[in-house]
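What follows is a set of notes on a single structure, which appears directly below.
Labels A, B, C, D, E, F, G and H are assigned to the chains in the order they are written; within every chain, residues are numbered from 1.
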Amino acid sequence: TAIATSGDPSSNSPMKEEFAKYANYLNEINDKRERVVKASRDVTINSKKVIFQVHRISKDNKEEVLMKAEQDLVAVTNQYMSKLVNELKGTDFWKLRRAYTPAVQEYVEAATLCTFCKTGTLLNLDEMNATLQPLSDKFAEPLQINVLDYLLGLADLTGELMRLAIGRISDGEIEYAQKICRFVRDIYRELTLLVPIMDDNAEMKKKMEVMLQSVVKIENACFSVHVRGSEYIPLLGSGDPDYSFLGVSDF
Amino acid sequence: SSIETQFHDFRLQLEGSGSVRERIRALAAEAESAARLIQASLLLVHQSLPIPEVMEKAKVQIEAMREHFGRIADILRECPGQYYRYHGDWKSETQTAVSLIAFLHWLETGDLLMHADAERKLGMDASEFGLDIEDYLIGICYMSNELPRYVVNQVTAGDYDCPRKVLKFLTDLHASFRMLNLRNDLLRKKFDGMKYDLRRVEEVYYDVKIRGLISGDSKQDQNTKAE
Amino acid sequence: TAIATSGDPSSNSPMKEEFAKYANYLNEINDKRERVVKASRDVTINSKKVIFQVHRISKDNKEEVLMKAEQDLVAVTNQYMSKLVNELKGTDFWKLRRAYTPAVQEYVEAATLCTFCKTGTLLNLDEMNATLQPLSDKFAEPLQINVLDYLLGLADLTGELMRLAIGRISDGEIEYAQKICRFVRDIYRELTLLVPIMDDNAEMKKKMEVMLQSVVKIENACFSVHVRGSEYIPLLGSGDPDYSFLGVSDF
Amino acid sequence: SSIETQFHDFRLQLEGSGSVRERIRALAAEAESAARLIQASLLLVHQSLPIPEVMEKAKVQIEAMREHFGRIADILRECPGQYYRYHGDWKSETQTAVSLIAFLHWLETGDLLMHADAERKLGMDASEFGLDIEDYLIGICYMSNELPRYVVNQVTAGDYDCPRKVLKFLTDLHASFRMLNLRNDLLRKKFDGMKYDLRRVEEVYYDVKIRGLISGDSKQDQNTKAE
Amino acid sequence: SSIETQFHDFRLQLEGSGSVRERIRALAAEAESAARLIQASLLLVHQSLPIPEVMEKAKVQIEAMREHFGRIADILRECPGQYYRYHGDWKSETQTAVSLIAFLHWLETGDLLMHADAERKLGMDASEFGLDIEDYLIGICYMSNELPRYVVNQVTAGDYDCPRKVLKFLTDLHASFRMLNLRNDLLRKKFDGMKYDLRRVEEVYYDVKIRGLISGDSKQDQNTKAE
Amino acid sequence: SSIETQFHDFRLQLEGSGSVRERIRALAAEAESAARLIQASLLLVHQSLPIPEVMEKAKVQIEAMREHFGRIADILRECPGQYYRYHGDWKSETQTAVSLIAFLHWLETGDLLMHADAERKLGMDASEFGLDIEDYLIGICYMSNELPRYVVNQVTAGDYDCPRKVLKFLTDLHASFRMLNLRNDLLRKKFDGMKYDLRRVEEVYYDVKIRGLISGDSKQDQNTKAE
Amino acid sequence: SSIETQFHDFRLQLEGSGSVRERIRALAAEAESAARLIQASLLLVHQSLPIPEVMEKAKVQIEAMREHFGRIADILRECPGQYYRYHGDWKSETQTAVSLIAFLHWLETGDLLMHADAERKLGMDASEFGLDIEDYLIGICYMSNELPRYVVNQVTAGDYDCPRKVLKFLTDLHASFRMLNLRNDLLRKKFDGMKYDLRRVEEVYYDVKIRGLISGDSKQDQNTKAE
Amino acid sequence: SSIETQFHDFRLQLEGSGSVRERIRALAAEAESAARLIQASLLLVHQSLPIPEVMEKAKVQIEAMREHFGRIADILRECPGQYYRYHGDWKSETQTAVSLIAFLHWLETGDLLMHADAERKLGMDASEFGLDIEDYLIGICYMSNELPRYVVNQVTAGDYDCPRKVLKFLTDLHASFRMLNLRNDLLRKKFDGMKYDLRRVEEVYYDVKIRGLISGDSKQDQNTKAE
């Protein structure tokens, strides 16, 4: 019948010819997206491993643990981020952003966590992008982490810092915890102002709530150490509570 | 502090892109307004208003819509490489626009409006601000959603040949879509929906055929084959 | 202890004095809202009954059924709408809108349904408000149904018209069904243009989807009658299908 | 047709109110922007920045915020009797604003900012564009949510008398709220949340008390009674 | 202690009501199982098995179903006043049961099974364990849903008088339902569905009528009336 | 016809049960209002107001609450056997009521308010409108939720013996609940929550004990054991 | 220490099972891709393409699909006893696969593809990686969903005998399913859906019958009965 | 027919797996019941009942629990390779069981119950019905949640050496968990919770240490090490 013939895909209508072009276009972009997704998963998994490595820190193994974490991070950069950069070369970074944003966020989280633990400062976006430069200088447009992904990664960083602070307090490193507390408060305050002008801020709004909870958890932990430490003073008459009592350091 | 400096910098950047976004959104809203008026005119085809009259009503608004998209294009030319950064802000308006002009085109010619023609009709130029192919395809799916209702109302108005023509068009269109290797979630979903349009039109065709309402007989069907 | 005393509500702090004022304000507005809600429920229930009454229509009892429906509607207006008007006197109508909007919508639905069945036309907002005028002319600000509630009620009307059309077709009144179809299409098209500029259009958007379904249901029913009727022609050779075959008219 | 006439009329009316709404929304957004900056300054009290310095930082923005609300008032004066029609468009911004100025007021004076004072400070005038009492009360609830965190951080910074003072304030406030016969869902919910603030402050007070960190003894407590 | 005594007592009571619920649920599940089998038998009427044979097949299961409901009744008689405590546990099974026996009753007699009769047939007695009216009405709506399919298959099998009879029954039933002022959402929804059953039956009636497949004329119709 | 009679009858019955439900809901809302006021009075025990004074304040409202339940009972007496049909409409109010009067009872006597006493105090009579056991138990769980806060505030106010007493009561109550073989989801969940109350009270007891704030020594503890 | 050894071991195992899951998912995705292509070929039967041609087109993809399942089987052979651990990762792909090959089989033979044959055709071997029965049954339900559309299009194309044949097949299939005592929620739901396919095919059969489009007469029907 | 044979076969198999699932669920429910009783006994350690007595009370129930798991194992041995098919039906019960026996083991020995030992104690054998590693780890996290409460109550009862021992154990356990690279959401969440247990125990340790309540000095600490 009439319809049967025309429905046969082997027939060559102008419509079919056009759709063949669309099909090519979609195949190419989908293949690229698929490769980017795969490269992103590697970045994510291995960035997470760097973060776990940092959490293996304790009072006495700091140097060693951070050294390892840093080496791992360099490996993530050279092995996996470079692959991602490669896949993205020459593409509109914004088009495939959804495919790689979780990876880049996790990578920001890992890199800033390492830097904070080593130097106590915030690793800047420019510095991060400078590290990525050599990976991509062969191509016209090197991958640049955009502001949004950087900020989203930073929001997650505060969760890891909270875990770190709780751990440090258990190890008796109160100063360290307080340093974290100040740092996280600063980031929280700065982000407060940026959230409403961020591109698509629904995700960020959720993260802000989690972040406030993290801040409060650290503050409560510091409070708890403080009032507990206060009981120490009258007993020994010393001005400074001896926080080294805390934690397992004295086994 | 360095934190403050960095965040101050971010603020400036974000405010910049925020204002671009706002200008685009305003234009997209106007384009959507025009689209609504076109849509309202198009509803009249279900009441069997002659197509030329419908076209006449829609003309001015189509012109307006094209102009709004043209002005979005102007803005994007100022931000090279950021087409997809703001894509979300006019995407759905573009899809609607495509569906409308493609439906009108089909009513006039019986043919599918091709991507390049849609692009041109919407005042988009392929170089910096082209019509995204997925937007085009989704728009075509929306157009397909209108066809079952059209067929039903045409038959009620006495046009018994309409189901056969629409079924042929939709079958071809569906077959063409099947050539695509779809992964994108929304497009896949919309295309999956096209199946229901096809089924409904098949049912309407069945209803008129089984009652012998189609003037033509098997001979005419064979002629059609030769089309 | 310190806190006990201050917490005692019998003590008279300035804060307490202030809150006593707030309490008065809230009590008054809440009482009024409660009364409005109750009056609204009566309007809703009785408007629904009017609608049910209209649906009791059939080919032969039209006059009688509509007469009863109209009497019921007049009763709703005089008994229940007047009470609502009374409760609202002197208040900002917009403040308590949430409390009465379902009732007003249902009332619009009932009134426009009756009018359509009787005259085949749309009862205008101005006409409706004119009917309400005598109920409230003693007060400074008479209750006026606002555009939004009117339009929302109209959206629901199409659902009832769909039910009516299906029923009319069963009774063989094809012309009537077609008239409904044209009317509903007109309303749908007009509303399409108004939805985006309505105040808070989330509710209306949902109703538009339901409305389109109603339109399609009526169209499908008309289609079905049409193609079925077409088979009648060759048998009797008459140009016009005899729809009187349809329905129970011939028992 | 009469349908068309009527709907055309509706269109004009709705476009009118739509444009009022848009102007209000723009102003409310600016007010919210200012509120954010105030909020950012207020966060510093948790880091024990002296209150006068915090006040200093917030001042300009408070002025800006007041101006924005003032301009909303101007618009509403043009539409008598429609305050509550557009209420949803600035409501939540007002609540935030109240919570901020009430918190600042409390930091400075230790007292609750009363409704009339809040109204005045926000540049609203009672006649046509007053501060809705429920908005005021919800704002106060938001303020209460800040207090537990404040107390915790003050104690950590060595101010052991803070919990007692906050507990007294919050207990009084809670008792005052209990005088209200709440039905409104949001306000009731927010007020119910205040209970948790109270509990948390009680716990902090308990923590410092049981460790004897409060300088005063039962005698001082009795003095407080006399306050 | 008296607390222990009390809680020991509670334990017994909670276990008691828990076990009542479990027994009822088990019986309801068995009733549903029987209902499935009845339904399976009833499906055969669509394949034009003579009604007496269908009745024969269904009989045993109906007996079983009645017995299950009867045993639920026995349990409830032990717990006076707790009918509605456990209502949710057999409600939907009751509705299905009503739809089945009402369909069978209609097949046999052409009449609607009345509430009191349905109650009796399900082994419920009005005093302690009556048939809830809404359950009855919903069940009747379910029965109505079966009729269009029945009519279609009867006509296919050559019984051209069936549409007229069903149409009359359904028209009367629909008119009766219209007497109710429904609030209940589920019931109203089910009732709305009945309109489509009516329309489908009417279409089939039309189909046979225009083809002159109904032997009789209006006179015969009067005879039918006298049936 | 008999069908018509039947449906007319249905109409009356459906309207009847709808109005019963509405009257019950109104009364339940009033009972809840009274409960809120009692709760407000009860909050004063956290500020160490002497218990007799608290009782005094609550009295009138308890009376009011009892009356509302009494009127619900009156309605239900008109509809024998339909207690559980409307149970959902006052259930949660009853649970709150139980928690309040049980807390007051415990404050006065240190004992658990028994089920029969709660029933009597709420003006329910066991015959037609008794207090459902699960409602009673859930109410008791709610009461338990208040105890940690009470203990914290009592210790702050200098009553260091309170934790020991509450801990004993709560341990016993928890043990009694464990006797129940719970299936009901809500009750099980509420009971699982009681564990956290117990933990918190243990922590407070720990705090006073480790700081030697309990006047008594191990000897006194042994005495307590002997209670 | 032994704890360390244990946790080191855990680390390896957790990473191992994660990677197995990923490999399976990748293969399942490829199988689904092939299935989509088969489906596209199958759609041509609705346009009355001769069945052998359709088969020809589908062949290669069926081979590909079988290979993907084969490779999943290989992976599972490495993890004995963990079939159901990863079942969720290829389950729905298997159901689709069954529906496709069963439809093709029915087109070719008019018979139901049996479970063992489906298993073999999908390259699954019963020993370690068999075809789960519920997956098979759900696949069959999906196949049934295709039949009404097939019947409608066949009738349109002039094959008036098709409805009778399909109706017979579907009635038998439905009866077979009714033999199962289904508990599984998804399967029961899918089976309940089969009823609608049956109804639609009955309606089409009715349409051709009442219009006398079936060549055969009652005699032929009796023959059919004897089949 | 062969279809009938096949479906008859299916019926048997579906009923078979359905009944397996039911038997497993019943056993899992009983295991959970036993677990509740063990938990109830274990609660007594918080009231300082000597551990041997607690063990004595728990013994019978542990035996019962093992038996229930053993019988699940028996069932699974009849269905080789289907461990994970039914895993969801006893998973959470296993986690609870692990937490209980690990706690008891720790009370008796001060050591972590290893995976292989837990498996054996639960009557699971590694070959066909082993203890899933994630279930084991989650169970261990649950056990950790009990430790802070235990420490608090032990100190209250005068056992001042307990915090040190628990702290050492928990520190080691936490360090071991840190070796894992977790992806699993539930497990990571549970592990995060362990940090708070650790901190609470450390606080109690600090409390007793600053009060000189630990008799021993660093020398004694070294002795402890040698334990």
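By our rule, a contact is a pair of C-beta atoms (placed from the backbone, for glycine too) under 8 Å apart; a residue touches a chain by one contact, two chains touch by 3 or more.
Every value quoted in this text rests on a predicted model; they were computed, and no experiment measured them.
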(message) Pick the pair from A-H, A-D or C-D whose contact list overlaps the B-C contact list by over half.
(response) A-D
(message) When I count C-beta pairs in contact, which pair ends up with more: C-D or A-H?
(response) C-D
(request) Compute the distance, rounded to whole Å, between the mean C-alpha positions of chain A and chain G. (result) 44
(message) I'd like to verify one number: the distance from the centre of chain A to the centre of chain E, where each centre is the average of its C-alpha atoms, in whole angstrom.
(response) 61
(request) Go ahead and note the Å separation of the Cα centroids belonging to chain C and chain E. (result) 34
(request) Provide the list of chain H residues touching at least two other chains, using ranges where the numbers run on. (result) 179-183, 207, 211
(message) Give the residues of chain A touching no fewer than two other chains, as numbers and ranges.
(response) 1, 3, 7-9, 193, 228, 231
(request) Could you please specify the touching residues of chain G with respect to chain B in the complex? (result) 40, 43, 46-47, 149, 152-153, 155-156, 158, 207-208, 211, 213
(request) Would you pull the chain F residues touching chain E in the complex into a rising list? (result) 2-4, 6-8, 10-11, 13-15, 18, 80-87, 112, 114-115, 128, 133-134, 137, 172-173, 176-177, 179-184
(request) Could you pull out which chain A residues touch chain H in their complex? (result) 45, 48-49, 52, 55-56, 58, 163, 166-167, 169-170, 221, 224, 228, 231-232, 235, 245-248, 250-251
(request) Going by the contact rule at the top, pick out the chain C residues touching chain B in the complex. (result) 182, 185, 188-189, 192-193, 196, 216, 219-220, 222-223, 226-228, 230-231
(request) Show which residues of chain D lie in contact with chain F when the two form their complex. (result) 171, 174-175, 178, 181, 199, 202-203, 205-206, 209-211, 218
